[in-house]
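By letter and in written order, the chains are A, B, C and D; residue numbering begins at 1 in each of them.
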């Protein structure tokens, strides 16, 4: 099931604060991780994913002072797809923190338990009366979107603004992805309708789907994702501007949800082998948090059977072992 | 599903290193947590559990130097039941670290993913061809026991010795529990036979069950459980003796498995509300790890619907919020 | 689970061809069955069902010569709901018998196995890759409708014409039901979208749903349903006109599907206690076939837990026992 | 899913009462059915099954007067395996008909619904609290055996006597099968223990398993199975001796259970394509009932994916089409 992992040489003495060392370390990690991409497969359900270069590979690690350590294709944008679920969750938690009504509603309508099943399963959703297991799976993200449609004046604009705030620069939308996702969403429509039959979608399904498709189409680079992860590593405060995005306990809770639910049905293996709160997406990116220290992102399009970047996973494992970054 | 949890007063300025403060803080936590026990129910499938006093309540917190902060019934022994799964896993990982054959076998025969279903479900086990989701559920513990029966000369003696080593004093066996568990184990027998039909139990089922029943009947106090958790918080080294129990990365991995799988199907909520690697048992105890800082244990017999100590959960939440212990 | 049923007096010497005897027998059956309605509950998800009088009760039995034996409310029309699935299946089998392409497609896209789960479960549908278990459950009826949309010039008109042909008089549409079903169909929409994601719905979902809602709203009386069942009891030939509706083996197969799949998840109990191919609907009607002898219909709105008419089931049991009508 | 089956030449004008014709017809059926065996696979979990000659093929059809029409290997004995479930059910119903206590218990402890899942699934059993779907699946047969252990002085002897009574001659036990089944029964042990944990097995599991293994090892020929089916086609009366085995309505109910549950998860297809109450076994035999007319048996060891004899199924389809034997 999981690879035996007891190599005595795994831990290394690199000092993350030494720039030269860090660059050398990233080069070593990349050399080990890149070949793993060949064992994965690029997602192919829409052209934008299918056409992505499987050789793309990048790692970005940004510390709280803004020092950026990168290697590879870290400035090439891609649709962030499921990683956007972290940002919609943050937006919903902001709304919940402002209004008691939303607060009560939020965690009644979506859980925080790992799904333990493939990421788009309807079985669990039906068995649990239309309440999705957590906000990191598609069904949960649709409920979060429904909440945002109810409580934001312009949910797409607010989401876009939040992302640009934590990235520190303009972010674009991939029109091709937006259109393509709209055409291939039968499964999401099935889930939305099922949840609606249980009373857990309140708005018009088209409005909810529009926001969902929009968030999937947000285009970012690996470097930007690493920057965007920092406020969650910094107790909710965006380090560049000092602006508080989330109150401290809430920021920690987003990280907890990412650890237990952020990597489809491989959350246990991620915790075991990587040990960092992470969120992956079908485009092959993974965004990770090292509390108080780093925002990290890896990008390599070929996916493993669980839908996570194959080489990205290897890279994160090597990185956390060498720098002893695991939260455990 | 989960209680809204955004109270601005949740975080507190207590300094954990100040003994007086810590005692006052434990008193406050106990005062808040104790009443929650009334909403839980004591497990009743065997007399030893059914007859436990629902008013029992204790918290123990032991730091790496051996300073012990306690409140309540911390010196009254009880059968540790499922918490023993941590110790059998540690023993199996020791064996795996010594012999490559065991290493390969171990993680092929049991996974590290949260189960996402009630703790004794056969559904998943059948669907996944007799490979249990993780070593913290009964089925997984039975596979671990089968591995120990194969690779230990005297598995019960080795397990007992390990527990006494990390506790630092003799530990007894609850004969009543051992006998009663032996009589009520139809469900475990069903799982063992099912796994056997898939080839994932190698030894005589009676031998495997004998070890399982033995481990459940190990008697410890809340204070001892807090002590016993310390080597996992200390990178695998028993702090009192300096003896290495596990290599460092392996110790972190046990903690990761506890976080994602240690509290039945409430692992996500534990990560969210408590944020500490924890293992609970049906006797109402929870053993938690604060990396580099503490071994913690809480004990209060009444359980919530997920099988975790009701008041124990509240106590851990309060404790981690006030001392900012969450690993996230 | 099922009532013990070994009463020595169950079998009776009534001669079904003696009109006076038959009327007396229907009166006896009605007297026994009527009170059972009190243990059932009228479906309430749309007003047309919710407002139906729970006291309504009727039995109609029509032989091959057109002799009609009736008791109770047999001339009061109601929306036939799920019973319409028999007629859409017949229409699809007609199309399949005319064109080899349709023939191949039909039984690749829907099975003939009992569902073994509640009638609107998505679990099975997902597990079996979007191929519904049988054409008598909602998902299967939606696939049949999709086939009709593909292969009929005007599917609603053709269905309507078929029903009027076997009833022998005009049949109306309940506009209230049609509108209400259209508004409450989130679950059916979920299934249609799920099947679409598996490639098992080919047409626009709105077109498929329009036909589905139309068929549910067909209004018939108990007397008409009994007449409409006769061609299936008569090897596919409508007895009144002599027109062949289905070839003989195909007619028998529709009956087989009704027996194994026509009464939601109580098909086994129906076979056991009644022993006649039957189709039930949420309005409380059941249409049954006695090969070579009768078309039968019972109507009593209150339903049992499996969604079948409570009193209707008792009536059919009494009727088949007394007249020895069971096909077994 | 199922083969299109609309061939206009399917129905034939053979007259079953004409002996010469019948022999010719059986020869034709055999010629069509035999080659299908090549597409099946002989069960291989125990030597007695694995070593069976895949070329064996026999059909036996015995009418109420005792006329026997046979072709092929109809006098070669084999272990009847699951077909024995019909006889243990008959024995349990006899006990239930004699004592009200047993009557109440019987249908509370086992259902009559098709299982809709592979024949040895534990999923359903757990979901439905240890009450098996029907007496034709392993779990249900184990409950029936438990009832027999409770209510028979010598259950094995009584079962053996019943089988010899309906066969009309001595029947032997296959010691090899009995021993082998005893060694490979982990899955049945899993189910028995699971049901025991729900309180639905009352006796020592070893005693229940001993009866189960015994019934599987009963050795019969295809000719004997056809004879043995006759009392169920004859309203419960053994035609040779005139002895009543079951009261009439009870006999019909056994037939109903066979139709809806007797052929693993292909009961719907059997009803659709064959239309006769049937019970199949892993040795490749199928025993069928034509009410008021015949006991039928076919034997060909290679099985299809659902566990039913591949060629046997084809033979029964051809036979029922040509002789118009379907009960529908």
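Criterion: a residue touches a chain if its C-beta (ideal position, glycine included) is under 8 Å from a C-beta of that chain, and two chains touch if they have at least 3 such contacts.
Keep in mind it's a predicted model, so treat the numbers as computed, not measured.
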**Fill in**
Taking each chain's centre as the mean of its CA atoms, the one lying farthest from the centre of chain B is chain C
**Item:** Distance from the mean Cα position of chain B to that of chain A, given in whole angstrom
**Value:** 30
**Fill in**
Between chain A and chain D, the Cα-mean centres are separated in Å by 55
**Request:** State, to the nearest whole Å, the distance from the C-alpha centre of chain A to the C-alpha centre of chain C.
**Result:** 49
**Message:** Counting only residues that touch at least two other chains, what does the list for chain A look like?
**Reply:** none
**Message:** Going by the touch definition at the top, which pairs of chains touch each other?
**Reply:** A-B, A-C, B-D, C-D
**Item:** Contacting residues of chain A [partner chain C, same complex]
**Value:** 121-123, 126-127, 186-187, 189-194, 196-197
**Complete:** Within the complex, chain B is touched by chain A residues 1-6, 8, 10-11, 96-97, 100, 103-104, 106-108, 110-117, 124, 131, 133-134, 247-250, 252-253, 255-257, 259-261, 265-269, 271-272, 275, 277, 291, 321, 326-328
